[in-house]
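Okay, so chain A shows up in both of these, paired with chain B first and chain C after.
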Partner chain A sequence: MAKAFRASAGIMLAPAVTLIGVFVLVPMLLTIWLCFQDWSTQTPFSEASFVGLGNFQEIFGSTSVGRDFKTALLNTTIYTALSVVLILPLSVVFGLLVYQREVAGGTALRTVLFSTYMVPMIAVALVWSKLYSPSEGPLNQMLGLVGIGPQPWLSSPRSALVSIVLLNVWQQVGYFTVLAIAGLTQIPGSLYEAATLDGANGREQFRFITLPLLRRTLLFSAVIAIINAVQVFEPVALITQGGPVGSTNVLTYHIRRVGIERAQGGLGSAMAVMLMLSLIVCVSALFALVNRRDSE
Partner chain B sequence: MSAATRSLARKRPSGRKALLATAMLLVAVASAFPLAWMVLSSLKTPAETMQVPPVWIPRTPTLEAYEKVAGVINVGRSMWNSLVIASVTTAGILVTSMMAGYAFAKYSFPGRSLLFSVLIATMFLPPIVTLIPLYRMVGSIGLNASLAGIIVPNLANAFGIFLMRQFIAGVPDDLIDAARMDGAPELLILYKIVAPSVAPAIAALALFAFVYHWNSYLWPLTVLQGNADAYPIVIGLSRLLSYNRGAVNTGLVMAGATLAVLPPLVLFVFLQRFFVDSIVGSAIKG
Partner chain C sequence: MSLAWISKLTLAAGLVALPVTGWAQSVNISYLTHWSPETVALLEAAAKDFSKQNPDVAVTVRAVPFGDLLTTLRSQGGSSDGPTIGGIYDLWLPELAKDKLVAPAPDAVASEVKSAWPAGVVSAASVGGTLYGIPNEIDVYALNYNKELFKAAGIAAPPKTWAEFKDVAAKLTDKDKGQQGFGMINSWAAGVVHPFASLLVSNGGNLVKDGKPALDSPQAGETFALYEDLIKSGASVPAMATADANTTGPFLDNFVSGKTGMIIMANWWESALKTGMGDKFANVATAPIPVGPSGDKPHSISYSWMTVVNAKAGEAEQKAAWQFLGWLNSPKSGKNGASAMSDILMSMGILPSRSSDIEAHKDKLGSEFLSGYVSVLADARPFPVVLGGQEFSESLQQTLEALQYGQVSAKDAQANAQADATSILERAAK
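Now for the complex of A and B:
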């Protein structure tokens, strides 16, 4: 019987394991191998020649290759940090608005918020590029109504990256709100009852019950938000092409430009490996932080 | 909400309710506004889209922009390509995820947890990390510039396996054992017994996969290499922007965006219960 099950386990797993193996794990290992090679993406893998850490010296060097990569790494870091810092608190606030039962309409609000997550990023980018339009766009018009002067949005190196963060937050916050609601439903109501008996007000209850018990949910949300943020591509590829003056040149866009369009496969792979390493460090640090708080 | 917070709320002034309602309304408006603007702009005349200050409601709504979209890109063809890409990929993901999810949930075999961990780890790998070698691999097996090249690498994914394992683990063993006693083969048990018991999760996964692959841009753009016949609608859209660059193209772009947004949004409106439940389920259980 056990033997028969082992055979059918093999059959059941074969399609998924083969596909993920061939199309995810093998390319990942190839990326790691290619980061030590000089290789043109136009040629077979057999044409690659070993250069040790040469690619890394180049992408961290002082030539234009190095400058562009370091800018892209910095831009991605800023973009990711800003996205997480905006999305997490908003998701909790919106989650509380949906979850509360004092005013009706929570579920309708959830539907509206989550629907933006269904919109293709390419459409989000197109629509927002028109919303941001300095003269005929509605955003500057609305700012004018409350006495704020017109903003350059995507056309100035100082505000372009933040403008892309904002459209990203708009698209994704509904998904994270649903995650926050999932976390809120897990908090036992008895805790709030006890706190009320002890005379804790709403703010204290939020600080000492809601937030600490949402920590696991927020950790999960932070990890997903980071992974999503480093993938930003469409608004940059379509609207800004990395500009103005490199201010929106982010890693996914830059790696594709170097590795595919310029066919510098070795250099692009070295950049991809740096991205992977940064993610591992960043996510491990987050977990360590939350676990340390847990043990306190 | 607990009885205590409710009784607390009663003691609070009704100004709190007004404040809450206002906040909810503001958030809903901010969230819905860009899409409303998109639809409204798609109905404007070219002159209205250029006006400063901007016109909010078109005076004489017109479908002119939609007709123009059809003149710039092959809308029917692109929508069909998107439909093929999203449906075939989704079907593949359902089959591979259910089979693997069943194996991880109901069989014990050596290396099970290690294999599962390795597969799940790929869920956190941004696609750009594998893009360069994958592009070369798909090219060298002759699948580049084709729909097959877009579809084949995506026929299995870790999220699907994870979701299916979570839900199949909840199917009672007795049910499966009874079918085995009757001599039913495992694949038939999966199809006849397990699948119906996890139907909502299957629906959720199907919707997720469909919307994700309808919307996906980076991989199709990379693998198609300018083969316009195979363009999905999202790539067609990007050509609308470069058409007539600098001149009046706002209505055109908004009409195209509206067309591309409709299918995933309609699916969501009708089936949102499954979406939300499965996110909640995977977050809590994970």
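Now for the complex of A and C:
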């Protein structure tokens, strides 16, 4: 009986497992194999030659290859950290604002907030590159009205990455607000009623009821926000091309330049593996932190 | 006749006509370019003319932004379904040929090109003596300046030496008006490297000499120092220099709006200037690159573009592609003895490279803007076409941008540029 059950379970699982194996595991394993090879993306795999850890030595070395990779890794880290730090609190704030049942037009507000997420990145990039224009950009014109001088935005290595982060936050915050609202709906209203009877004010209710019970939602949001941020590509490719001085050169864009444009498949794979490892470490650390707090 | 009979007869006629139609358009070839929609329309019109004479060949044109052109060629060119023809920058040719992505030109095409184009242009389209593409455009750098701003600053003539250049740049700079004397470019490899290289060759130096980087020369040191001086004096403002993926952006906006006095750019941006400036385009003049303290006379950098054929395309497609390119670049396809390709190029202000095209467009090449470029062509030095050239160019771009933004000194920039170039070219040559 158990044998028959196992056989039928195997048959039922086979299509999904095969698809995952072919389209997820094989490319991942291939990338890991390629990171130890010297290989041009324009040649067959059979022409790859084993170089051991040579590609990793190169990407962490002191030559331009290493410098550019380390800059791209740092840029990606800053971009991800800033995006998450801005998106999560904003999504909770907007979620709380929109979730107030007594506020008229809450659904319309949710729709407006979510709509930014539905706008294609090409349109967002076109509009924001004009908004950021140093001379005729509306942002600088508005700042001028309140007596603030023109800002360089995308034209300075100091502000270009932050400008791209702001664009990302604008586009993504609606989606995370919807997630926050979904989390808020799971909190029983009776807890707030009890807290009110016990004399807890709004701030205390937020700190001791809302935030702790939103923890799982926020963990999910943080993981998704990190993954989205690490994969940033379009605004860089469409607006800044990684400049100026490589200040917006993020890893996905850099891997594309090295792996496809220069056809250095081995180096590109080593960079992709490092990106994957960084993401795994980061997300695992986040889960471990939340689980430890839960067990405490 | 009933409706059913009419339907049957129509269907039968359609079935009879189908193989004929299919045979009439039996070869489909595609052409990948980075040109603007207006220029693509001209190429499509030329392709239509070709198909009228050759009904068995259909040509479709596809355009991508310049920033995506090489990536598209690399990612799609390795397949028979990829673009049959690609317009490429000569710097990319050695690696595309090494990776066998581009097909050698057939003997008939090669001999035609060798006899009809200048030898220097033919060599830029060849690797190891084998011709891979039909050259079309040649671009050269010169100094563009705004005559109105010169007049307002009391400057009578464009600078001839670096000393005059620095002096004029300082006079043209007006911080209160947000005006810079000399406009640099950043965030675009060729836009950063080519003007620097033009100043370097005008100072008697070279980027690469005998296949090895020559950025450690005293002439290169003086060129890095010139950049540092221009930035430190405020005559060049890096925040006004940014370019976007379409090779436009603030650097262009600042020149067309009269906020940049001088800039070093190639002839192809004539159409962008005309679009941006309208009647004020008449204020733009062209002059040779100022000569540095170690230079003998004005020199600048030139580079060429060519059309290549996908080596992985089918035999019939390759044959049709060479046939189309041969026609497109021949004196028979355009107006008044010019090629259709040169007519398309001239619509953008780009210099054609075929000798007969230069003769056919003599009048237009004599315009105030273009004649300045034509006059410096003879003393222009081709941008070095070497294996690893694109990576070398991108690396030098990073170093120059770091210098522009004051992140490194001229001395450190020179040392970094030489060390990076040495390691890149050595690795590429392996």
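Keep in mind that, in the parts below, the second predicted complex is superposed on the first by the 276 of 296 C-alpha atoms of A that agree within 3 Å, B and C clash if a C-alpha of one lies under 4 Å from a C-alpha of the other, contacts with A are read in each partner's own complex, and residues count from 1 in each chain.
Simple rule for what comes next: a residue touches a chain if its C-beta (ideal position, glycine included) is under 8 Å from a C-beta of that chain, and two chains touch if they have at least 3 such contacts.
The shown structure was predicted, so the numbers you read here are calculated from the model rather than taken from an experiment.
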According to the stated criteria, A:Asp68 is in contact with first (chain B), second (chain C), both, or neither; which is it? second
Chain C versus chain B, contacts on chain A by residue: B
State whether A:Ser91 touches chain B only (first), chain C only (second), both chains, or neither. neither
Between chain B (first) and chain C (second), which, if any, makes contact with A:Thr210: first, second, both or neither? neither
Using the touch definition from the top, say if A:Ser155 reaches chain B (first), chain C (second), both or neither. second
Considering only the touch criterion stated at the top, classify A:Phe114 as touching first (chain B), second (chain C), both, or neither. first
Applying the touch criterion given at the start, work out whether A:Gly105 contacts chain B, chain C, both or neither, answering first, second, both or neither. first
Applying the document's definition of touch, where does A:Thr76 land relative to chain B and chain C: first, second, both, or neither? neither
Which partner does A:Gly243 reach: the first (chain B), the second (chain C), both, or neither? second
Between chain B and chain C, whom does A:Asn168 touch in the aligned arrangement: first, second, both, or neither? neither
Chain A residues where the chain B and chain C footprints coincide 41, 129, 135-136, 237-239, 256, 260
Parts of chain A lying in touch with chain B, wherever the complex brings them together: 5-6, 8-9, 11-13, 15-17, 19-20, 23-28, 30-31, 34, 41, 44-45, 94, 97, 99-103, 105-106, 108-116, 118-124, 126-131, 135-138, 141, 144, 170, 174-175, 178-179, 181-183, 185-186, 189-190, 192-193, 195-197, 202, 205, 217, 220, 223, 227, 230-231, 233-234, 237-239, 251-252, 255-256, 259-260, 265, 268-269, 272-273, 275-276, 279, 283
In the complex, chain B residues that touch chain A: 1-9, 16-17, 20-21, 23-24, 27-28, 30-32, 34-35, 37-38, 41, 49-54, 56, 95-97, 99-100, 102-103, 107-109, 115, 118-119, 122, 124-137, 140, 152-158, 161, 186-187, 190, 211, 214-215, 217-218, 221-222, 234-235, 237-238, 240-241, 250, 253-254, 256-257, 260-261, 264-265, 267-269, 272, 275-276, 279-280, 283-284, 286
List of chain C residues in touch with chain A within their complex: 67-68, 70-71, 74-75, 78, 95, 99-101, 178, 186-188, 238-245, 250, 253-254, 257, 259, 390-391, 394-395, 398, 401-402, 404-405, 407, 419-420, 423-424
Chain C partner, complex, touching residues on chain A are 40-43, 63-65, 68, 129, 133-136, 152, 154-157, 237-246, 256-257, 260-263
